[in-house]
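Just so it is clear, A, B, C, D, E and F label the chains in written order, and each chain counts residues from 1 on its own.
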Amino acid sequence: MTDLVTFGETMLRLTPPAGDRLETTDTYDVQPGGAESNVACGASLLGVDSVWLSKLPKSPLGQRVVRELRGHGVRTGVAWADPDDHRLGTYYLEHGGTPRGTNVIYDRADSAVTTVTPDELPVAAIKGAERFYTSGITPALSPTTLATTRTLLEAAREADTRTAFDLNYRSKLWDPDTAAETYRDLFPLIDTLVAPVRDARNVLDREGTPIEIAHSLATDHGFDTVVLTRGDSGATALHADEIYEQPAFETETFDAIGTGDAFVAGFLARRIRGDDVDTALEYAAAAASLKRTVGGDVAVIRPEEVEAVVAESGDEISR
Amino acid sequence: MTDLVTFGETMLRLTPPAGDRLETTDTYDVQPGGAESNVACGASLLGVDSVWLSKLPKSPLGQRVVRELRGHGVRTGVAWADPDDHRLGTYYLEHGGTPRGTNVIYDRADSAVTTVTPDELPVAAIKGAERFYTSGITPALSPTTLATTRTLLEAAREADTRTAFDLNYRSKLWDPDTAAETYRDLFPLIDTLVAPVRDARNVLDREGTPIEIAHSLATDHGFDTVVLTRGDSGATALHADEIYEQPAFETETFDAIGTGDAFVAGFLARRIRGDDVDTALEYAAAAASLKRTVGGDVAVIRPEEVEAVVAESGDEISR
Amino acid sequence: MTDLVTFGETMLRLTPPAGDRLETTDTYDVQPGGAESNVACGASLLGVDSVWLSKLPKSPLGQRVVRELRGHGVRTGVAWADPDDHRLGTYYLEHGGTPRGTNVIYDRADSAVTTVTPDELPVAAIKGAERFYTSGITPALSPTTLATTRTLLEAAREADTRTAFDLNYRSKLWDPDTAAETYRDLFPLIDTLVAPVRDARNVLDREGTPIEIAHSLATDHGFDTVVLTRGDSGATALHADEIYEQPAFETETFDAIGTGDAFVAGFLARRIRGDDVDTALEYAAAAASLKRTVGGDVAVIRPEEVEAVVAESGDEISR
Amino acid sequence: MTDLVTFGETMLRLTPPAGDRLETTDTYDVQPGGAESNVACGASLLGVDSVWLSKLPKSPLGQRVVRELRGHGVRTGVAWADPDDHRLGTYYLEHGGTPRGTNVIYDRADSAVTTVTPDELPVAAIKGAERFYTSGITPALSPTTLATTRTLLEAAREADTRTAFDLNYRSKLWDPDTAAETYRDLFPLIDTLVAPVRDARNVLDREGTPIEIAHSLATDHGFDTVVLTRGDSGATALHADEIYEQPAFETETFDAIGTGDAFVAGFLARRIRGDDVDTALEYAAAAASLKRTVGGDVAVIRPEEVEAVVAESGDEISR
Amino acid sequence: MTDLVTFGETMLRLTPPAGDRLETTDTYDVQPGGAESNVACGASLLGVDSVWLSKLPKSPLGQRVVRELRGHGVRTGVAWADPDDHRLGTYYLEHGGTPRGTNVIYDRADSAVTTVTPDELPVAAIKGAERFYTSGITPALSPTTLATTRTLLEAAREADTRTAFDLNYRSKLWDPDTAAETYRDLFPLIDTLVAPVRDARNVLDREGTPIEIAHSLATDHGFDTVVLTRGDSGATALHADEIYEQPAFETETFDAIGTGDAFVAGFLARRIRGDDVDTALEYAAAAASLKRTVGGDVAVIRPEEVEAVVAESGDEISR
Amino acid sequence: MTDLVTFGETMLRLTPPAGDRLETTDTYDVQPGGAESNVACGASLLGVDSVWLSKLPKSPLGQRVVRELRGHGVRTGVAWADPDDHRLGTYYLEHGGTPRGTNVIYDRADSAVTTVTPDELPVAAIKGAERFYTSGITPALSPTTLATTRTLLEAAREADTRTAFDLNYRSKLWDPDTAAETYRDLFPLIDTLVAPVRDARNVLDREGTPIEIAHSLATDHGFDTVVLTRGDSGATALHADEIYEQPAFETETFDAIGTGDAFVAGFLARRIRGDDVDTALEYAAAAASLKRTVGGDVAVIRPEEVEAVVAESGDEISR
């Protein structure tokens, strides 16, 4: 049985070598990446039977995406589009150490997924799944993806498939007000909300401590679970009126992209297994810390590694 | 004084390593490429003072293009566009040996250049130049680029700047009939036409031998010079009622992309210098053969190398 | 429904860069490779629903193999072994142009697969499949793999799953006499035999023309189909008393390893689709010629590419 | 109008990959580098119209240098030398983390620039410029470069082009006493002196705090501005009897080479724009901190990035 | 005259690029590595005339090992084995930052060296040497290597060649009890014992402070010298009833593998030169800190670099 | 006992990747190369005990050279020079396919070896050797190397060490007349002369067929053996009044540099072993053909590979 279905856009990520810049580089590392496929892949590697739904051009570039996901053990439910009319989104990523920030240039307008409609997708997969996950990026892509997101969430609701949603606010896609309005529209369909505290404040206009924000979000929108992440400072969760605090694990960052997705993958992997929020939160934080040591969008991390971090013994040469 | 002005689109070209495929690769070599900048760069390296006109997003990606062209000695007249609304076109190139063909996937729709208007460009540069060059790709990009192409050709005409045009028919951009109609519309503004015999036949509907086709094109459209290329079989030129035949030079191909542009660069370099069609044609063929030994779109070739090939002595270790 | 099940060993293939040697190199390209997974992958990319059966150490190295196969669309039926006791075989491959031969050093002794027994494998997959394929390498690995090969072939026979067998004689694994004895023992379980003419002569002691050899093998062992390959000179097939001759397609070789497996993949892909031997043979030869342009063991080739070669038009730049 | 002219040697910098050593490596990254072209390039990228003067062999190696500088937007005034008699200097750079120091091996003796005379250079460019910059490396190269340095500084003085000079003491080129004597000889022609405090102490024999040293240098040599750098501890400037203190910005070092040149580029960029010393100093320190995150000699840094660091907000993922 | 003879296994070490994982990588860096050859190479580069004894398959892979050692100046006394029956051991190394540990997968079973007997080796080399070194890895490989280790140690003893032994306990090779029994059996033949405190506690069952452990080991087994290492915390030595304490030097780690071997190489290099334990210990710690900045198993470090660290001045750019 | 001593310069060879050019490249492959060390290395790998004499800067660059040679099994007799005053020569190599020629740029002036005197070298090594080899490059480097070459040849003569000399005329080092005069001066000290027919004609002013030239050279200068090479057309030898003709073997060229040195290495390896000229010539031609398939200056070729080519069976996949 399928444990987890995710829905969203996956792009080709183009990255110059370390120390090189987009305006000078002669080479890109290329790897597919996208919030929802990152979660599907990360969860799959942690033992979750995962399916990813999306739309891709029927070309070597679309195949490149599917290959990567299959390699991570994810099954794909892809609507294949005519490559003459539908492109694959890309994004350019330049890693920069302090004080130069990591920079992302999106080239995702008019990608195939912006035209995806529910009838092109194997919606049945959602109905048979334990959980359905998508993020705030998908409804930002086009009116069509917004409508499809809503339809899929409704399908999940109807089928008693629990839903999780990561706010994933992207200022390069829309402004806070438009985003907030859309979010609020979708929230009634969401069981578990994951959001950075920062976005809860800036986009959802919440004030107060993380605990206060979690309570106010849960109260206003009826979430079963709220998880607020605070980067290096850890995460706060609210579930069944209980508050859980989880510090972040120490980590040496090789590639920060995908940390939040690894967190979600870890959290869902444990919740799907039936673990409680407390355990899932610790596991999520450990998965996120491990992700940062691995290149690429995807958390190529195995359960025993997460468990070793939780058990605080992952740090030596094993030989 | 400027010798040559070219106008057209330059994209980022993304190429997997030799033997690797687009659907499996983890790396791209990246280099800007586009017919008209290839000609500007090739000509510049052969001693021609060259300017390239276009429109680019004001981003590291746009800068990447300008850097490359400047490196080849080309001055750039760029209309800088807001990168939030204007993208840079890309193209994916997969080299394949026999029997697997070289494959190109364009991702150039809606690139910044498709919105370029004459008032954004330093048209005065054309008026002060000896020659103006563009190709059949540019008018195919958008109605706007078609209109701008026409305006620039007219500006050249008015200023007695001689014009050259390479048919460069791309079946992935438009169909033969639409292309032919556009071509015919622009031909009265063209002095020198360069075209593959194949396209003269399939797109311009010409029949007969290359010589017959050259005569019929010149007669119908009043070209000063017609150059018909035949790949490995060389080229045929018609100028002032004289026919010139030029065989291709032997070459070991490392990268075939840009061969035609190298040919044009070599031809124009010599014509601008005042050499006659005969000499320019031989020089063009030699430049084209050298290009194929060099990776990337641009013919990184110096005059003494072309001359050595013409003198048939370029083939040994010089030490 | 499963179209094709294959069974055999897959190793990590370690290759120095072009022009470098095993005794000097500082880098290996690494990619999984093995005759039976090569066939499964090649067939999968050509549209065949494929499953690969084998045994691997439960380690990142074993996962590396599974990832690759999944990427090519193959489902895997793997017996996972304790990595402390079971290794993954490797092979070192040094490409060499004329007159230096390509050299292979096997390091495959005592690999996990040498201990595989039928009860560890999902044998039911074979029973539900259209075809089962294995090669002469597998029974050479250990008495256990010989026994398992026999059991799986018998299972196929019982289930009316048609069987194919590539002789794949490897002088580094066993001597001709031992090999021949084993082959003869397995032949009654085989429907389609593929063999290089050279091995038919040297190992199976056949004499005469390829046609004579095909007839004599079919007569002696009751094969439904015999395909004899002759490298550059093409292939000869015998089926239902009909002889089919297929020349090889011209090709520029980037990586010769896996050519035979691509041939088999192409042949089976078409036979599974219901095409006749004639068509399948031409398709096989085209797939083999394309494989040689691609790096790695696996024929990363799509049906439209094979068809283009068959239609003799695959050789130009498509743009 | 030209803002900045610089004069000095540019070499090919040869660097093994990270973690590799000069005595074992099989690869070099190669990039042109030299204090004065680093300043010209860095300033150009920060919006300054820059020209670099030097002498190079007329060979692909000399062209390699010119290409790089042009790519950064610098115009070049090069005296081209016969490559049979004039070499291009190189330097080998080995990065080493603590406690292994970064190591530089110069191979710059007898390079083309050591023979450069004023009449070979477009000295007029200096006369029309806002600022002229050279460093203490140039006069150390040969008696000829010393004489030419003096002549160019005098030309600047005459034309009211303001002059800047970075001490850049290199113990591998000369001893402190010879250096100091030369410096003192040139100081009357200098408006802005930049020097590490360490060299002010060890080479110029100054004692006391940075403030005391700045005052004593200004008093003795009549500098308009003195900037003393102290590595991680920031910089101290004296101008118009005012002292300015600037701490260094936090930075993760990828490549420390060129930090001082980035500092000068940033400082001059703002001074040329008309900003006061205070602002220029902060900008210089920010540019220097950014440089350390980028590979190569040149500070490939854009104004908005420097401004972001100054505004202390450059540290997050922008997406 | 030979200063140092070492005996042990050298494998090919296969390492993915930084940030990549064994289960996803397409490339390995390959370099020979093994405790005893690491010590021989490190010592050789520090000026010691060194010989390494072992057994290798007579193949390009065996040659790869010998080449590397010769490059470091080590002479090799190799028993060449038939490559059809004897393999070269390999090990897969995945570097991981905190919290992901560095991971090693051995594939060394049945390597050629496991069959090495004294009569295959130039034992005379030991007799003429100043010191003989081997480690606790060698006797763990096979009963044959255990017997050979014993014989070589006895040969050294007889010839008054001083012996050094690094415990090098590897939990992937044997369990603590078996190891301890073997160690105790060999200890009477050892003059200098080097061991991590951790292993002294866990494997040799010692309790107390490092000083107490050193005393108890020396007393029980009659070692001339005991050196206990404590990673970041330095080392403690006991010699002639004197205790020496040495802190570790600060270091930025590029590659931690081989740190202990660099320590031993540094220690032996100075002891062989006649320096006392105090000096040798400081030199050893400095060599170990330098090793961590260099990629690969071997400490490619020169005496002047070690001396610079000891003199605490190794940390700046030298130019 | 030493079989072969060679004397000459070894440089660092800097090569851009295939398809890249010196004026654009960002990377060099680096490997030591020089005619006399190429011969020593090639011969060593073919089983000859070889020593190379030269002078190098005592720096990581000098060590880089020694490491490479030691890796190939060559012992080195190096006069170590102060790196502050003595540089290591380099050469830039750009491979180019037809019609672009391979290009070499020397940067070897004033290298350490140009100052080498006999008293710095272990001349005794020559006296104890079977053969001494140097080439026409060495005397061209400086008057000092010319004098030292003469002295070493005389030392060989006195000791009955047979001498071999490859003309190796380099037009970038001297003109034909100066070269010829020097050659004629050294010829009386030479037993075996190897020369390209082309140079025999152009530099030594010989006319006629290769056979006539061989006779005239032997007659005029008293050579024991004359070997004239003709590239693709093979070689002609004269020894004891006997003429031997050897065609070239077919080869796919990866790197043509060092072909002549591989030829000499193969020839001397067999002559030293006592084989006659006929056998040595065939072996030489086979070694040369193999060299061209290997990257770098050195023929990394083993005797069994040469023998396989001679036996015309080296061309298949061995597995």
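In this text, a residue touches a chain if its C-beta (ideal position, glycine included) is under 8 Å from a C-beta of that chain, and two chains touch if they have at least 3 such contacts.
All values derive from a computational prediction rather than experimental measurement.
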Review point. Among the other chains, which touch chain A and chain C together?
Key: B, E
Exercise for review: Trace the shortest chain of touching neighbours from chain B to chain D and give its length in steps.
Suggested key: 1
Study note, to complete from the structure: Residue numbers at the chain B-chain F contact, same meaning over half shared and different meaning under half, come out as different
Check your understanding: Which chain lies the greatest distance away from chain C when centres are computed from Cα atoms alone?
Key -> D
Exercise for review: From the options B-F, B-D or A-B, choose the one that repeats interface A-C, i.e. more than half of its residue-numbered contact pairs are shared.
Suggested key: B-D
Practice item. Let me have the rounded angstrom distance from the C-alpha centre of chain A over to the C-alpha centre of chain E, please. Key: 46
**Study point:** Distance from the mean Cα position of chain E to that of chain B, given in whole angstrom
**Key:** 62
**Study point:** Residue numbers of chain B (touch at least two other chains)
**Key:** 21, 23-24, 26, 67, 71, 103, 172
Review point. What pairs of chains are touching here?
Key: A-B, A-C, A-D, A-E, B-C, B-D, B-F, C-E, C-F, D-E, D-F, E-F
Practice item. Going by the contact rule at the top, pick out the chain B residues touching chain A in the complex. Key: 14, 21-31, 59-61, 63-64, 67, 83-84, 87-88, 90, 92, 94, 103, 105, 107, 109-110, 172
Revision key, fill the gap. In the complex, chain A touches chain E at residues 71, 249-255, 286, 289-290, 293-296, 300, 305, 308-309, 314-319
**Study point:** Partner chain B, residues of chain D touching it in the complex
**Key:** 67-68, 70-73
Check your understanding: Can you name the residues of chain F that touch chain B in the complex?
Key -> 18-21, 23-24, 96-104, 106, 170-172, 256-257
